[in-house]
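In what follows, chain A forms one complex with chain B and a second complex with chain C.
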Partner chain A sequence: MDMFLDTFLLDFQNRNSHHNFPSLIDYSVTETAEEDKTKKVSFLVPASQIDSFTPSPQDTKYKASILNFSLFYGKFQALRNISMDIMANKITAIIGPSGCGKSTLLRSLNRMNDLVPNIRIQGQILLEGENIYAPGVDIVGVRRRVGMVFQRPNPFPKSIYDNIAYGPRLYGMRRRALLDEIVERSLQQAALWDEVKDKLHHSGMALSGGQQQRLCIARALAVQPEMILMDEPASALDPVATLKIEELMQSLKSEYTIVIVTHNMQQAARVSDYTAFMMIDNPQNRTGVLVEYGPTAQVFTNPQNKQTEDYVTGRFG
Partner chain B sequence: MTQFSQSRLDSIDIAFYHTRLSYNRRKITNQIMLIFTGILTSLALLPLVWIISYVVYKGGQYLSLDFFTQMPKPLGMEGGGVLHAIEGTIILTVLGGVIAIPPALLAAIYAAYHSNTILGIAVRFGTDVLSGVPSIIVGLFVYALVVKNQGHYSALAGGIALAIIIFPTIVRTTEEMIKLTPRTLREGSLALGAPEWKTTLSVTLVAAANGIVTGILLGLARASGETAPLLFTALGNENYEIGKIISSGVANRQGLLAILNRIFEQPVDSLPLTLWKYAQQPYPERISQSWAAALVLMILILVLNIATRIWLQRRMSRLQGR
Partner chain C sequence: MPRETFERELQELKYELLILGSIVEQAVRGAVEALKLRDLDSARRIYAGDQIINEKRYEIEQNCLILIATQQPMARDLRMLAAILEVNTELERIGDYAKGICKINLMLGSEPLVKPLIDIPKMADLGLDMLHRALGAFIAGDADTARTIPNEDDQVDELYNRVYNDLLKMMFTNPEIIPRANFLIWAAHNLERLADRVTNICERTVFLATGEIIELDMAEGKVI
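And now, the complex of A and B:
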């Protein structure tokens, strides 16, 4: 582990001095996985335990659990038997080659995939122990608890203020003083307040790309979600704006659980605490499977799976 | 050309030689085509310039402030205007818009989001067919449906006929504009937990507003210039004066609904109708009034257009923050 910190990305240590990898890792579980290298999936939830495994809602360690999750678009199976736990107040990165179902998995976490016609799912996704795919679950409630930031900044064609207040207003908040407070707090959390406090009533579309993306993050924060999904949030931004988003993610994780899909492996290594590696299981059916999931340090320096190793060392993908 | 003897050229030189030849040829072809397309473009603009300048020339001679503010005078008397037709045009166009716009927007939203359902395809096909129906047939249809049942010609019948004519234009432009708004914008709203109707209303329609307004404007401009359907429905009425209707209504202590009813139940003139009728009369005075009415119609549409463009520009610059 020390070798990792010394050799892999010096700034990793400096920027994330509060990272403390050894203590994060649940050694007991890790060892289980190391003994059982033949298993493809997940050091956290060995496949054999999936059926019996149910985190209790009181246990804050897991924010969400994906259990044996499969997803079909019509006849095409996009995801097969994915099981992983998402740790509370940590950043979990999902990496993998294009078309392996990373975004599909991410969008399953707040039921954004419901918009696609002919979609069918199997398995469960538990949010604080409750299956969000159970019949009768309120999708609006799920999406309120699980916010989302998209690849391209998508501010609404409204003022900065109205962009942030859109969510709270949706949930019936009308009092001006309260809205003002939420707008200010959300913008401060998204590290945008100082840049826009004098032009709250200007259009959100007049901001630069990086500012727009932080505005979208602030918009997601305004409804006080528990978990934030980020679908390649920096892929349309320049390096400086990317750095700001990454710093922002670090400052947000004390209050929120963050799941990020990224094509950029350096980014995953820099920002995340846990990394999941996904791949299509064979080129014919193009179904996405979870190959390896573990602490970021382990996935990048000591991957348990040959495919993961090939991918993170850049030998394919 | 002769300075290159074939034997001294290796294959690459030959290639370059031909390239230079064809480059010159391409350059000349480009010049010729550019001039050609330029001439044709000017030719396409010619009718527009011609029509406008001829109408301005012929109508401008008779145009005065009185022409906008006075009712027509009996033949043989000097002066008089087309106030009745200006008011009638506005009444008919507004009525047509009010009747057509709400259902057209709803149909467009449906067709944009359910484009592969049977009803969605039917909306698209139906509006295409409807926009191809000759307007005089629409007039005939409304005559049978409204005028015969009411027992008299009316502004209402004219408004309905115009509504039917502009309905497909508004549906198709709105549908296209909604489809052009980025999907991610919609997803951003849905991801916050907004229901679809709320997302459509406060995000998609706001983002597409410029295009939708332009589509509505095109429809209204077309409606205000329609003549044929009005022959069967609005008929024409030289005594139509909104000011009089309203003041007599107020004097008789009639309610708003009663006054509106009186405005809409009467036959009414419109500018194209007036210009058509005047142009057929054998009096030089009426002929020149007809030209002036044409000019007024063009000015009305121009003002509507320019006002909307300015409003859209302001809105755009507010949204873009420039």
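And now, the complex of A and C:
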């Protein structure tokens, strides 16, 4: 079944009442607490192996912090002791060879992994300073604040309008005028409005692959998330559609924090501000670890870790 | 090693750069020798040969750009190609110094040198030896060697100061020789600049190996 639909349905079942989300318009991005600004970017790699990475003043605001995060699927440990901070209003790319846990880490950021049976986590993931894995946390709220876009465009078999309005309606939005406004704004932000404004009631499935993916981004934007997770968002698209998505990411980052998982290193180099390189610890365990995390320019011109160097120069992986 | 094609093309590029370096070395050595012996035929030949150096330089630049565009090099590979572009330009400019010395030789024409050339060939020997080792260090990515070579620039500067002062004294005592003595000062100046460009090559080697762009010129700010 469609992952996105799955999540929404799960959210719907978990939802206690409409009162959790009285009005979309009230959803403003809250400012990070003052003390957060003094935090340093954390690395798994021992400090001796990397030059100190001091973010510039405008980069010192964190949207999320992953703290000593480990994840197990039954007995299999998929992630070990990942610690990294996600900078607000920046694009963070996660790269690494297949099976290194990139997508698992990404899905942990909005508890999408909760859908997998026998899952167990250690450590914390803070969203604006609050642990999203703390007992009693409202998962629906987390998933509204952290949206997701998948590898293959997955519009609902509904009209373009209804695709966008789906989330807001789920959260109790009924006023037509407001929904119209949200649909237009979301499509504008996703750079799709001009192409579809005359056929809002046509099926979303009738659009081209690139347009469908932008529709999915618009759908994610409709509930005004703070952070958007993108799992290989352009890997099923042609080069022109890929560049459109990349340009779109750039235009979105002033309002949103974006985390992207990509196999395409050139894409990571083109679009991201920060890059995290993950790989498996050894062929027996196959547990994903964070090897290096730093400004994208540094990771691709002068990586501090030998394994990162081998990976970005194409000599391994 | 999954990047065999890229590796091979990068090796070829380094090899071409070494060929350019060797042509430039020969040009400088020949130009100074021709000046010393007042061999105008050789000077004419080397002067014209600068065209070959220029063409080689453009060929390397072109191949560098093709490799960047087609292979998307990253990290050390990217620094290597950026550094090759820089070193390529330095070598071409050193070639211009050989051409300049030949031009001086031709302008002197049938006039005799104001003094036998001793320090100027020494400058050339020192500078070319530095260049030769600097290129070796560059190809090997040997930052340690690259850091030490620029120290030798002081000896070249010292020789230059001596040539300059000697010729100045001669000009004072015999103003008739001013034009010819001035030519020799220019020849020495070219060789002094050659050693400075070797320092630039060494800086690129450090960049290639470490990613740091640093100044290796110890004599920076010193008035000669």
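Rule of thumb we're sticking to: the second predicted complex is superposed on the first by the 257 of 317 C-alpha atoms of A that agree within 3 Å, B and C clash if a C-alpha of one lies under 4 Å from a C-alpha of the other, contacts with A are read in each partner's own complex, and residues count from 1 in each chain.
Everything that follows uses one rule, which is that a residue touches a chain if its C-beta (ideal position, glycine included) is under 8 Å from a C-beta of that chain, and two chains touch if they have at least 3 such contacts.
All values reported here derive from a predicted model rather than from experimental measurement.
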#### Entry: Clash or fit (per the criteria above) of chain B with chain C on chain A
fit
### Message
By the touch definition at the top of the document, which applies to A:Leu200: first (chain B), second (chain C), both, or neither?
### Response
neither
### Task
Tell me which partner A:Val312 touches in the superposition: chain B (first), chain C (second), both or neither.
second
### Message
On the A-aligned overlay, A:Ala234 touches which partner chain: chain B = first, chain C = second, or both, or neither?
### Response
neither
### Summary
Across chain A, the partner (chain B or chain C) reaching more residues is B
### Task
With the two complexes superposed on chain A, say which partner A:Tyr166 touches: chain B (first), chain C (second), both, or neither.
first
### Task
Figure out whether A:Gln266 sits in contact with chain B (first) or chain C (second), or with both, or with neither.
second
### Task
Name the contact category of A:Asn110: first (chain B only), second (chain C only), both, or neither.
first
### Message
Touch test for A:Ala297: chain B only (first), chain C only (second), both, or neither?
### Response
neither
#### Entry: Least C-alpha distance (whole Å) that remains between chain C and chain B when both complexes are overlaid
33
### Task
Share the list of chain A residues that count as touching for chain B in one structure and for chain C in the other.
none
### Query
Considering the complex alone, what residue numbers of chain A touch chain C?
265-266, 269, 300-303, 308-309, 312-316
### Message
Quick check: in the complex, which residue numbers of chain B touch chain A?
### Response
182, 184-185, 187-195, 198, 202-203, 206-207, 318-322
### Interface residues, chain C side, partner chain A - complex
1-3, 6, 72-79, 210-211
## Note on the structure
Residue positions on chain A within touch of chain B in the complex are 110, 112, 115, 139-144, 147-148, 150-152, 154-158, 166-167, 170-171, 199, 202-203, 205-207, 216, 219-220, 223
